[in-house]
Amino acid sequence: MTGMIEVIVAVFVIIGVFFAVVSAIGIVRLKDVYSRAHASGKSATLGVIFIMLAVFIHFLSQGEMNAKILLAILFLFLTAPVASLMITRSAYRNGVKLDKNTVIDDLKEMYETDDSKQNK
Amino acid sequence: MMKKPNNMMLQTLARLIILVVLSFSIYLMLAGHNSPGGGFIGGLMTASAILILYLSFGLNPIKKVIRFDYIKIIGIGLLLPGITGLVSIFFGFSYLKQFFGYFHIPLIGEVELTTALPFDLGVYFVVLASALTIILTIAEDDK
Amino acid sequence: MPFQILINVLLAILWMFLQNEYTFVSFLFGYLIGILILFVIRRFLKFDFYLKRVWAIIKLIYLFMIELIKANIDVVKVVLKPKQDHQPGIVAVRTSLESDFEISMLAALITLTPGTISMDFSDDSKTIYVHSIDVPDKEAMIKDIQDSFEKAIMEVTK
Amino acid sequence: MTLLHWAVLSPFIAAILIPFLYKYLKRIHTGWFVLILPLALFIYFLSFIPETSSGNVVLNNLDWVPSLGINFNVYIDGLSLLFALLITGIGTLVVLYSIYYLSKQKEKLNNFYVYLLMFMGAMLGVVLSDNLIVIYVFWEVTSIASSLLISYWYTREKSIYGAQKSMYITVFGGLSMLAGFSLLYVIAGTFSIRELIANADLIMASSLFIPAMILVLLGAFTKSAQFPFHIWLPDAMEAPTPVSAYLHSATMVKAGIYLVARLTGVFGGAPEWFWIITIAGLITLIWGSISAVRQKDLKGILAYSTVSQLGLIMSLLGAGSAAFYFQDGDSPLYMTAILAAVFHLINHATFKGSLFMAAGIIDHETGTRDIRKLGGLMTIMPVTATISLIGLASMAGLPPFNGFLSKELFLTGMLSVTEYGIFNLEAIGFIIPIIAFIASVFTFLYCILMFYKTFMGKFDISKLKVKHVHEAPIGMLISPIILAVLVVLFGLFPNLLAYSIIEPAMAAIAPGILSPGEFFDVHITHWHGFSAELFMTLGIIVLGVLLFITFRKWENTAFYRGEQDLFNYAYDYGYDGLIKGSQWLTRIQMTGRLRDYFIYMCTFIMLIMGYTMYRYNLPLIQNLDLSPIPVYTWFVILVFLGSILTIPFLNNRIAIIITTGVSGFLVALLFVLFRAPDLALTQLLIETVSVVLFMLVFYHLPKLKKVKTPPKMKTIKLIISIGFGLMITLGSLSAFSMGQEANYESISEYYTENSKEKAGGYNIVNVILVDFRGLDTMLEVLVVSLAVLTVVSLIRLRFKGGEDV
Amino acid sequence: MELLMSIVIGIIFSVSIYLFMSKNLLRVAVATLLLSHGVHLLLVTMSGLQRGASPILSFDAEAYTDPLPHALVLTAIVISFAVTALLLVMSYRTYKVHKTDDLEDLRGSADE
Amino acid sequence: MNNIIILPVIIPFIIGAILILLYKRHSMQRVISGITMFVLLALSVFLAIYVYQHGTIVLEVGDWKAPFGIVIVADLFSTLMLLLSTLVGTVCLFFAFQTVSQDREKQFFYPLYLFLMIGVNGSFLTGDLFNLFVFFEVMLISSYGLIVHGGTGYQLRESFKYVIINIFASALFIVGIAWVYSITGTMNMAHMAQRVSELDQTGALNIVAIIFFIVFACKGALFPLYFWLPRSYYGPPAAIAALFGGLLTKVGIYAIIRTFTLIFNHDVSFTHKGLIVTIAGFTMLLGVLGAVSQFDFKRILSYHIISQVGYMVMGLGIFTPLAVAGAIYYIAHHMIVKTALFLFAGATQKITGTTDLKKMGGLLGTHPWLAWLFFITAISLAGIPPLSGFFSKFPIILAGFEEQQYVISAVALLVGLLTLFSMMKIFSYAFWGKQKHTEEQAKIPVGKLLLPILPLVALTIILGFAAEPIFTYSMEVAEEIMNPTNYIESVLKE
Amino acid sequence: MFDIVMIIALSALSIALVLLFIRIIIGPSTQDRILALDAIGVLLVGFIGILMILQDTSVFSDIVLVLTILGFVGTLTLSKFLERGVVIDRDD
């Protein structure tokens, strides 16, 4: 039984770490801040969620219902999208350049029209 | 000046999150005597929760809701431990002598009451108010 | 008011979680603290929120955990691709969802799924600006979002 | 407190009353009230003559700071009585003179008389105390009072200059003297002069004898304007003339003489004492007389003359100290010098006092003291001229005035030195009378010059600022007349003073020389035949007249063209040099650069710690019992070190802030590894808030400039920072190693054991915080509040400077 | 472990001192932060590391790490945080008033 | 009863907290803080007398027995310091009432002031090393608040450096605490002293001793750790400059004396007679030369603080009862005189609107009271007898000669002369010379401003004339602290 | 074996930390750095989680929760601040 749990925990940890590392690679490799946000916002979060599940399982197997870990997972879920949004939006509003491969930018319109409105 | 950002999503989320954070912060404050935490940590967590509110809703809406003068809370927070300590003098003990006891309350059972609590509560208030005051003061500063 | 009581009960349960102590005292205490918290921040609690949705939301979260894993695999592919030649872009996605809560949820789900991130909203909150890591076809992408997530949310909320 | 104590303190008490008398009794010149005191004191002191002349002393004890050996024991013997009489006697005359000299309408008489009384009291204290420290106390008060009197016309640049100069030089001397006194205390364990004299042998045997002597003499020499410390005296002439007459010729400058005379009993007999004092006196004598000739200001001449005369007295005391070597009081060979010293001291007070007052009269009436503008006053101011003539003749050493007698005794004393046959005097002693002779020639010369240039020649009103010149009012003349009369009186009947004043003073200077009941033979005669002294006197007159006649031919030589004393340049350069030097020194330290401060501080700390480690053999670090390092700890530490070491290389603000934040988070992680959950929690919280604050604050600051630090500076910075880190590491290891060796049980054991039972908490750290060490936490919270209050006030208060004081 | 930490702490001190000697407000402020990390770690290190469980009695253990340094460091952390906050606002105001963050320009002359 | 000795900390704590609540009402704050300072003064007078009569009082805070809890210890030395600090605090506060603007008063001037008193008083009273650190920090942070209060460009610029250097010193304080804890396993100073005395590892102990010396030397502005002082004291209002000039460095000096008599007395010939004496010499000399170099009222006074602390430390370094008594006497003298001098600077500034000596002149004519009171105080500082300055320097110098420390004694004397030199510079520039202030300025009354200073001037005179009782008292203090067994036994109840 | 897996996991996480650290250093935009910081915060949660398994103690679970909250608050504050140079809006 313990062995079984250990395997599950280990697998969860390995998956989690894998995602985390990939996300880190992504953050280094990807070309603009918006793309990197993808790596950070998803992979890192997911990776850590896996690890935390492993932790939860580990303690659950010892008969300890560690709700704080669950809460932490929930929290990561809830906050990751907002964090991504806030970072990318602030980047955009501060004029951080999009990657030159970028094919489309609908957001530009909104800010331009807004500016022209203000100019009038 | 750029257009105002649309904080709709942030606000929606904040409503949810602060409940968790606030309860957690109070938990940290109260549980400090027996597990990691305490007034200082709890106070900063509460401050974080309130900071989330400020960030999401802006200054004035929050002002209408939280009408405390943080500076006065600091004063009160300081008075709490100061006066808790004095109490022991009146009972003929040394300053800051703490008392604790386990009381049996019907329905609820064994409860531990300790003078360390008002003490830590003072810490909590000071830290909470301090953190908010600093951030708000800087934020309020023009240019 | 019933909503507040609900929140309060939830907080009390949360409290038991935190205490790691599932007793009546703990619940009672949590309830009292909940009252305190709700008193302080009472003016913020204007959710258009019904009990039945809670379950739906939880269901939704489970649903998208699967999506999430898929999404991550996509991201892994992009990240590990030797040549970084994907074509990112920002796409305005119009939604027919009504409430703030729904729109927020949609935005969050968009972020959590393959290669897309919600970046901004229009002033009326009806348009979500989505950054996609690879946009070979804009319309297809918009349609994809509207078909899957929007619908799913509507089902949950209506 | 005896009457005698009150007598010493009475001037101070009177001084307190002065401002009120001045304020509320405007119509009466304050001087009249003041006059009563010195007069009464003079009479009071006269009453001690019978006591002292019969060889007795009066000693009244009073404890002051007994635990430091300081007692205000007042002591009257011949020497102190002589000085007390001089102080009060001349004091009376000076106060009287000042009443006419200082206008009650224009002058701030309250200041003047307060200073004067302070001085008088202090001077009495100096000469009447038995305790060296009390002497020192009063000594410094005389310096202060003197400076204040010099600065009396405090708006004048020159007064300020003179006041400061006199203060610095005399206080310098006073401090050396204090050091000397302290050494004497270290040797003999007492500050009492009588006890010191009793222990003279012990003192003489000490290795500290010479330093003590030199230090004490520095005090005496500065006060008595001995070469080269004399330079303050001419500048002190900025004081009102009564002050010059009183302090700077009759009393204060003689405090040094007093001290030397008083301590002859302690130091006398040592060759060093003999040589130093004699040589210093002679150099002062000759330098003063030669310099006096250069002066164009009446008071300047008198000042240098005073310098010279003080040198004369000093040299006599030096010569006389040989008596202690022989322990033979009967021989006039040694005692003449001391006799001459005492007698000339009195004479100088009389003639110099009158001369100063005369000079003051001339200044008062003509508006100038410049001898180039004066001339022909003989007919206009006949009384003044007569007074001056008497005074100058006495000073020049002409019969029948008292100066002649003491000058003759001086020459005798100097001549007899060559016959002592000790201290190598047979070889070089002949130089002493030669110097005395040359100096006396110049003394004679400036006396003639002064009289000639002022009273003879042509009177030219156009050179003066005033319209009419006439003789001074009678009130102003009384004091100089009294003094002039004394000059004549002591000249004609020198033995008036012989056994009442002079002999007791000599006995006090040379204690223990005579056996009890014996008296020195003091018999001053006008004629001792055709002795060497007589021929010397004639030679002085002839040469003096010759120089006077040829004066026009050499008065424009390089040395005589200027008035400024060469040693003044030393003082002025020293003064400027001190300020400039200190400015330089301060500038290189207080650069205003934090970097420099750190370089200095860290270098210092490293040096001192390094030295200690070296001195005590660092291998204190031994047998370390180290806990194992888990593998994963390495990861954390390496990443942590990476983040820390990157920071100095970063040139982007945000990168620096965030990297710092990361290192902070890693510290929290380390706390996790070290099993300190509370710490980790707190660290995380604080680090987050810090990063946020950093961003808020620094985001708007300008981009970091890529500063090019010069390689030298970079090296210095590197050496210092690496060295400092190393020092911390080594210090920590040695402390750790020693802790393991000492193996004391930590007080923490108590916390672990009692946290639950006695404080009702499971989280020991929290229990320590809120209970065992609750006070710390209470204050820690206060610190936080304080920071907040400051932040708020910083943001809200924006003064420009000058809003309030 | 203690040896390693002593070296690490020495390095933290070195970097911090190095930064103290720079010309820029921010670097100096960062230096204070690093310095406080250094001393806090030192305080924990000097009583021995990893020689017991976390000092919370509800988790039974044979030995607990020395809780006193933890408490002391906690206090010290809070204090240095307060000081840092103050320092930051001070540098902020300094910059606003003097329009520079270069300490070389903030020298002031010796005799104003 | 023992609780009374913590009141000098608790009273300002609680009142300060109340003043925060009243922060918008400046006149009320004024009244309350004034009364508080008076109460504190009365309390410390009482404590000084009580301890003198009944011996050391120890309070175990929270009833946790020593060495486990924090102890507050009132012995002769600490009560003397307490008395002096509250005296200085009271005087400066009353000066502040008349000089400080309302804007300041509404920005927590009084709470900061009272909290500073907590830090200072607590530092004197605590018997626990870490608690001392915390009290130091309370004092320092209040001092940051007060030194930058007003936020002028000058204040900001110089306070920044002040804060940084103090942060550095505080960090080293913790280093020292870590080291000493590692060796002795305790924070209680008496316990520490006991354990240190049982050890024979001079080397490692010296390293620890030196780190503490450096820390306290930095707060005490000793060579070469004084760079923060002269310029930063120029910025704040006169009342604060006076309070700082009188108090703050003395807390550092107190800590040095306390620790180097109680704990680190294992290797006196190296630490005291070698290191401390040398440092004292440089401190005195460089400090006074700094004063000589300046032409500004406040700056000269600031540099003098440095040179004066040198004397105190010299007394400790010579380490005979006479010398230590001198040092204690000196502390008392210095706190009184330096406070008075800074307040005089303030009064002068109120008239002339400047502290630049070259812009002043002739104040003796228009403000004789100011001039003469200043003069007395100034020459007292220079050590001119029979004022307090002399009787505090003299024992130290005498002891120096007795211990054959000739060089340092000579330096001490020379510094006295240079002190006089620079004080006379103030007097001659500001009070002598041609009047440089306008007739309007000449009419500015300073009588009320001088009122709070008067007791200080009176004290410098009394401390001189009544040197015997004061010196005997200092001697008793010195003997008590040089013989720490009494302290250790009182604290550890053995 | 289990422990070795955990240690390898930790080493991998450390490498990930270093990678993120590189992003902090090279930027180029502030948002990049915040992004990386946010990710580091998240990774630290994982790191502590694994430590909890490794040391078999749940004493750090509070830390985990706190860290997630703080990571969010920090990111939120910073990006909010960067958006307009104001942290807290006053007008709405």
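Letters are used for the chains, namely A, B, C, D, E, F and G, taken in the order the chains are written, and counting of residues starts over at 1 for each.
Definition applied: a contact is a pair of C-beta atoms (placed from the backbone, for glycine too) under 8 Å apart; a residue touches a chain by one contact, two chains touch by 3 or more.
Quick caveat: nothing in here was measured; it's all calculated off a predicted structure.
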item: Any chain in contact with chain A as well as chain D; value: B, G
item: Those chains which touch chain F and also touch chain C; value: B
item: Of all other chains, the one whose Cα centre sits farthest from chain D; value: C
item: Pair exhibiting more inter-chain C-beta contacts, D-F or E-F; value: D-F
item: Chain whose Cα centroid lies nearest the overall Cα centroid; value: F
item: Gap in Å, rounded to a whole number, between the CA centres of chain E and chain B; value: 25
item: Geometric centre distance via CA averages, chain C-chain A, whole Å; value: 14
item: Gap in Å, rounded to a whole number, between the CA centres of chain B and chain A; value: 30
item: Separation of chain C from chain E, taking each centre as the mean of its C-alpha atoms, in whole Å; value: 40
item: Contacts with 2+ other chains: residues of chain E; value: 20, 25, 28, 38, 40, 42, 45-47, 53-54, 56, 58, 68, 72, 74-75, 78-79, 82-83, 85-86, 89-93, 106, 108
item: Junction residues of chain F - those touching two or more other chains; value: 13, 20, 61-62, 130, 134, 137, 141, 144-145, 148, 151-154, 160, 164, 168, 172, 175, 178-179, 181-182, 187, 231, 294
item: Set of chain D residues in contact with two or more other chains; value: 583, 586-587, 590, 592, 594, 598, 673, 675, 677-678, 681-682, 685-686, 688-689, 692-693, 696-697, 700, 728, 732, 735-736, 739, 746-748, 751, 762-763, 769, 771-778, 780, 782-792, 794-795
item: Pairs of chains in contact (touch as defined earlier), listed by label; value: A-B, A-C, A-G, B-C, B-D, B-E, B-F, B-G, D-E, D-F, D-G, E-F, E-G
item: Contact footprint of chain A on chain C as seen in their complex; value: 14, 17-18, 20, 61, 68-69, 71-72, 75-76, 78-80, 84-92, 107-112, 115, 117-120, 122, 129, 131, 133, 135, 138
item: Of all residues in chain D, those that touch chain E in their complex; value: 583, 586-587, 590-595, 598-599, 602, 624, 626-630, 633, 637, 640-641, 644-645, 647-648, 653, 656-657, 660, 663-664, 667, 670-671, 673-679, 682-683, 686, 689-690, 693-694, 696-698, 700-702, 704-705, 707, 717-718, 720-722, 724-729, 732-733, 735-736, 739, 746-748, 751-752, 755-756, 762-765, 768-769, 772-773, 776-777, 780, 783-784, 786-788, 790-791, 794-795
item: Residues of chain E that touch chain G when the two form their complex; value: 53-54, 56, 59
item: Complex contacts: residues of chain C adjacent to chain B; value: 7, 10-11, 14-15, 18-19, 23-25, 28, 30, 33-34, 36-37, 40-45, 47, 100-101, 103-104, 107-108, 118, 120-123, 125
item: Residues on chain A engaged by chain B in the complex (per definition of touch); value: 71, 74-75, 78-79, 81-82, 85-86, 89, 93, 111, 114-115, 118
